Amino acid sequence: MIVIMKKNANKSQIDNFSSWLKAMGFDIHLSIGTNHTILGIVGDTSSLDIEVIRALEIVEDVKRIQDPFKNASRKFHGEDTVITLPCGVKIGGGHFQVIAGPCSVESEKQIISVAKAVKAAGATLLRGGAFKPRTSPYSFQGLQELGIKLLMEAKKETGLPVVSEIMDASHIPMFEYIDIIQVGARNMQNFELLKQLGQLRKPILLKRGLANTLQELLMSAEYILAGGNREVILCERGIRTFETYTRNTLDLSAIPILHGLSHLPVIVDPSHSTGYARLVRPMALAATAAGADGLIIEVHNDPANALCDGPQSLTPEAFSELMKKVNAIRPFADR
Amino acid sequence: MIVIMKKNANKSQIDNFSSWLKAMGFDIHLSIGTNHTILGIVGDTSSLDIEVIRALEIVEDVKRIQDPFKNASRKFHGEDTVITLPCGVKIGGGHFQVIAGPCSVESEKQIISVAKAVKAAGATLLRGGAFKPRTSPYSFQGLQELGIKLLMEAKKETGLPVVSEIMDASHIPMFEYIDIIQVGARNMQNFELLKQLGQLRKPILLKRGLANTLQELLMSAEYILAGGNREVILCERGIRTFETYTRNTLDLSAIPILHGLSHLPVIVDPSHSTGYARLVRPMALAATAAGADGLIIEVHNDPANALCDGPQSLTPEAFSELMKKVNAIRPFADR
Amino acid sequence: MIVIMKKNANKSQIDNFSSWLKAMGFDIHLSIGTNHTILGIVGDTSSLDIEVIRALEIVEDVKRIQDPFKNASRKFHGEDTVITLPCGVKIGGGHFQVIAGPCSVESEKQIISVAKAVKAAGATLLRGGAFKPRTSPYSFQGLQELGIKLLMEAKKETGLPVVSEIMDASHIPMFEYIDIIQVGARNMQNFELLKQLGQLRKPILLKRGLANTLQELLMSAEYILAGGNREVILCERGIRTFETYTRNTLDLSAIPILHGLSHLPVIVDPSHSTGYARLVRPMALAATAAGADGLIIEVHNDPANALCDGPQSLTPEAFSELMKKVNAIRPFADR
Amino acid sequence: MIVIMKKNANKSQIDNFSSWLKAMGFDIHLSIGTNHTILGIVGDTSSLDIEVIRALEIVEDVKRIQDPFKNASRKFHGEDTVITLPCGVKIGGGHFQVIAGPCSVESEKQIISVAKAVKAAGATLLRGGAFKPRTSPYSFQGLQELGIKLLMEAKKETGLPVVSEIMDASHIPMFEYIDIIQVGARNMQNFELLKQLGQLRKPILLKRGLANTLQELLMSAEYILAGGNREVILCERGIRTFETYTRNTLDLSAIPILHGLSHLPVIVDPSHSTGYARLVRPMALAATAAGADGLIIEVHNDPANALCDGPQSLTPEAFSELMKKVNAIRPFADR
C-alpha cells in the first residue's frame, strides 16, 4: 500500500503515523520527494481499511498495490479451481454446466416435470427457489422447508444435483442434501451468513450484489474461503444502472475480469438480470462466447397455463433450442 | 394498478389474465380504447409483484397507483409517529435528537469518556458499534458481545440511552437492553432479520441501503411494521454515485420526500456518508435546515492520540461547536 | 399517455387540465373510478413533456403508452434499415461490418499502415480520430483538419470507406468526404449538432452517452431522423457504473432491446468501453453472439514501438485472430 | 503521478517507458522495492492521460498526486474569486446572490412581471431560458433570439442583470448583453463550446453534468479558465441516481468539496434537480446552511393560470417566503 502524505504534514505527524503502522507489524519505506512524502507499507495489508487511511488529516491519497483478497486471488493460486459434485459433475477449468429450473418450487408435479424437461434438453443441474427474497412482506415468500423437500424428490427422480438459495444462517441444516447453496444478490454482504457458509464443505454459488463491484464480490468470496470452504462459484446476474428497459444490466466483462483476478469458476444468470424471456437467449449466447463456465437459466413448467409463472422464464422448447446454439458457440468461446 | 395491454393481445389472452387476477380476489375494470386495452386492478395490490406483471408477453406496461407500503404510509396514518424511549426521550413529530458516539466501542475508558463528552455537548443518545460489518474478513469485526456490555456501562454512567447495530437475528438476545437497534445499510434487505425485528417491541433505526431507492427503504420498514413493531426510525446515510471525492453521496431530498410519504421519523448520518470529518459540519447543518428529525454523528475519544480512531469522526470540541450551529438553525428549518 | 389524478384533485381542476390538453389538439378519455380519476390523452403525445405533466400538483403519476420516438420506431417502420455506402458496403438487416483503425490519426505513414493491416485482416471500414474530445484542455486534441486529410489519403490508398468523429456543427464542411460521421458519447445530447446533422444526407454513427438510457439514445437519433437524414447507426459503447476494473460497463442487452424497438442498425464498440486490450476479444465475441450488426475496434499501428499508442488497441495480429473467431460465431448469433 | 509497475515488467520495458516520459520533459524518480517498482513522474502532469497510462500492459496501477486542474485550483489561487458584474452585483467570497425567474421566456408581459416579482422578493439577478435543451425534437425549443430580446427588455425595466443558457458556440453574438452565460448540464463536456467561452470576458455559470464527477466539472471549468476567461461560477444541479421520487439527486456535499478544491464561487439549483416545487424550499435552505454562494430558483408568473408553466417553479409568494428563511439561516451557514 502506498500512502501519499499531504504537503503540510510535518515530520512528527509522519513519524507518529509510521510508528502506528510499525506497531501493527508492517515495514515502512519512506520516500521524501520535492513535493510529497510517500510511504510504502510493506506486509500483508489486507487487514488495513483503505478508507480509514485515506480519510486521515495528513493523508493526501492512498493506493493499494496488492489485491485485498488472497484466497480468491489467481496470484496465489494459479490454476483454475474445478468443483466436483458428489455425482461427478464438474464446474470450472473448462467444465461448462447449465443449471436450469423454475423460479420458485410450487408443487411436486411442477418441479419434477420441469426437472425432466431441462434434463432432456441438456441441463446438468436443477435450480428451484424454496426461500424467496421479496421486496414486499406481502409477496409470496416461497414454500420454504416444503420446497426443499420437493427439490429432493426431483433430485431422486432425475438424478440431477440441485441448487437452491439460502436466506439465513439458521436455515443451514435444511440445506444438508442441497448440492450447491446459492447466496442471492441482496445477501452478498450478509457477512454473518458468509462466515457460517465458510464452515461448510459444500459448494456455494455467490451472486454479485446489485450495486457491488467485482472487488467486493471477491471480498465476499474471501469470507467463505477464509473459513476453509474452498468451493465458491461466482455468478454475474446484472447490476443496477439507469437503464429502464431491463430490470438490471448484465455486465459480461465480469467474466474475463474475474477469470483474470481469480481461479474461481464464473457463471452467468441471464434470466434475473434482464427480466424478460426474449432477452435470455441473446444474453446466454453472449455469456457463452465471452467464456463463462456455465449458465443458470429459468425454465417454467407448463407453457400452456404458465400465464404468470415466470415471465422471465423460457419454455422447455425455447430452452432446448437455446442449448443447441450454446453448444455450437462453445468451441469458439474466449479462453 | 393499471395494466396497459399490448396491441396484439387478443381477447382470449386478456380474458385469461383477468380470470387469473379475479381468482386472487381483485376486481377488474376494463377500458377498451382505439389503440390500447387498459385494465384497472382494484383491491389491495400490495401483494402483486409489478415486475412479474410487466414482463408478461401480453403486457405493454404497468403502473402502480397505490403505494406498495401501507403501514408506513402517511395516507393511512396521517399524524407523525413519535417514538418515546423508556427514559422519556422522544424522536419525531417535532422532537429533534442528536445521537453521538464513536464508530466502534474499543474499551470501557473510551466509551465512557466519549459518552460524557457528547452528553456535555448536548447529545441525547449514545451510539457505538459492537458488531462491525466489514468488507474484508481480515478487518477488525468489533468487540461483539463485550462491546454491548461496555455500552451498558456507559449508559449506566451517563444515563444516555444507547443505539447499536445488529448483524444477525441470532444476536437479538444480546440487544435486550440496547434502546434502539440499528440495521445497517448492507442489511436493509436482509428480510429474515427484518422479520425477526418486527417481532420485538423496541425502536429500530433502519438505514437506507447504498444503492436503494426510498421506496425500497419504506418496503423494508414495512417488513418490521407488518410484524407488529410500530417503532421504526428511517435514516439517510448516503448512496453510491460516481462521485469519488466522497465515500457516498448524502441525499438530503430524502428528508422532505420521506416526510411526505410516511409518518415515520427521519434522521441523517453525515459521518458515514461523506467519510471525512471536515464534511460532517456542513452536511449536518444542511440536514437540520432541510427538516430532519435528528442526526447521528461520530465523535471520537482522545483527539491527541486519535490518529486512526475514526477519520470521519469529530473531536468533542468540534462536535460541541456543531451543536451550537445546529441549535441556531433549528428554528428556521423546513416544516 | 395515461394520467392518474390525485385523489384530492377537484372537478374544476380536472376540467382546466382537460381544456388545456384539448387546446393542444388532444382527445381526452376520462375514466372516473372509485379511488382515482384517470385521463387518457389520445393523439400524438411525442411533443408532451412527461416530466412537466408528472410534476403538476393535481397529478399522482403519468405513464406513456406510445414510445416518444416515431421515425426511429420499429412500430412505424417494420423492416430493418440497411445503410448502403457509395462504395457499396452495407450495414444492417443482416449485413455485418467491422470498422477498425487507430484511436487518433497521427501521421500519413501511421494511418496508411494501419488501414492496410486492418483491410488485410477483414475490416471493411477504417476509423481514425481527427478531433478528440478530451477531459483536460491540456491533453492532445487531435490533428484536426490535417487528420481529416490524412484519412482521405488512407481511403484513396486502400479503398476503405472512412468513419471519423465530429465535435461541432461548424466543422461539418470538413467532413464532406468522410463516409460516416461519428457523434461521440459526450455529444449524444448536443441537440444543436444533431439538428445540423439531420440536414445532411450521409450516415451518422451515434454513440450512446455515458449515463444515458436507450430511450434517450433513440430520442437523439430521432433529432437526426426528424431532420430528414434517415441513415443513423446506433452504437453501444459502455455506460458508467460503480465498477472500477473497467472504464465503462458494456451493456450488451442494448443489442436485442434496440433491435426490438427500432429498425436502425446497432453496432458495438468493445475498445473504449473496457479500456483494456485484453478485454476487447471476449467482448467482441459476446457482441457478435448477441446479434450486433457490426463492431468498431481500435487497432494500433506499430506494435514494437506502440508503448503509448492506444493501450486499449489490439495489434494487427490480435485483430486478425479476433476476426477469425468473430466469423466462426456469426452463423450461430442471435436473430 | 505515481506509476506502480507490474511484477513481470522487465528492466528494458521500464527503461523504454521512462525514456518516453523523459522525452516529454518529465523527471523520473525510480523506487525499486522487493515486490514492485514504482515510478514517480515529476513535472506538470496535467497533460498526461491517466487512463492511457493505467491501461499499459506493464502498469499495475497509477495514481495522480497533483490535481489535474491548475487555474481552478485553490492550491495555486488561495483567495476566493469574487465576480463583479457591471451593475456592481458581486458573487463569491462571502457575497451571496439569488438568481430567480421563469424556466422559459414566453412573452414580454410574462418575463417583465416575473422580473418585478422576484426583484421585490429580494432576488438580485433574473434568469430565463431562451434556448431550451429538450430530449425530444418535438418539444418546444424556446423563443430563441426573440427570448434573448425579451430578457433585455426585462433587464431595462427592472435593472436586474440577466442569466441565460447558451447551446451552441455560433450563438455567442446573440449573448452580447446577457450578464452571465449559462452552460447547461448536457453541455458540460461540449469542449468546443467551452473553448469559445474561454475567449470571452464575461462570467460563465457552468452546471455540473448529470453523471459527472466534481473533478470533471473542475476540468470543464479549466477549459474556460485556460482560455483566459477567469470568471466561472460552478453550479450543482443534481446528478442521476437510482432514486425515482426525484428527477435528480441534489449533491450538497459538492458545496464544501468544491470550496476546498477551488476558489470559484459555488451556487445551487434546487428547482431542476428535484423537479417538484414542494422540494425547492427544503433544498434551498439546506444549500444555504451548507455554505453555498448563491441559489438559482425557478419562479413562474401567473399562479392562477400557470397550470403547465413550470411545475418545479415556485409562485412569487412562495419565493418571497423562502427568501425570508434563507436570510434567517445565512448567518449560521457553514464557512
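A few remarks follow.
Lettered A, B, C and D in written order, each chain numbered from 1.
What we mean here is this: contacts are C-beta pairs under 8 Å (C-beta built on N, C-alpha and C of every residue); 3 or more make two chains touch, one makes a residue touch a chain.
These figures come from a predicted structure and were not determined experimentally.
Shared contact partners of chain C and chain D, listed by label, are A, B.
Comparing the centres of all chains, each the average of its CA atoms, the largest separation from chain B belongs to C. Chain B and chain D have CA centres that are 31 Å apart. Centre to centre, using the average C-alpha position, chain B and chain C are separated by 39 Å. One finds 27 Å separating the Cα centroids of chain A and chain B. Listed for chain D are residues 211, 240, 242, each touching two or more other chains. Within the complex, the chain A residues that touch chain D are 2, 4, 29, 31, 33-36, 38, 40, 42, 60-61, 63-66, 211, 240, 242. Within the complex, the chain C residues that touch chain A are 211-215, 239, 241-246, 249-253, 255-257, 260-261, 273-274, 278-279, 281-283, 285-291, 325, 328-329, 332-335. The part of chain B that touches chain A in the complex is made up of residues 16-17, 20, 46-49, 51-52, 54-57, 68, 133-140, 167-170, 186-187, 189-195, 210-211, 216, 219, 222-223, 226-227, 240, 247, 275-277, 307-308, 310-312.
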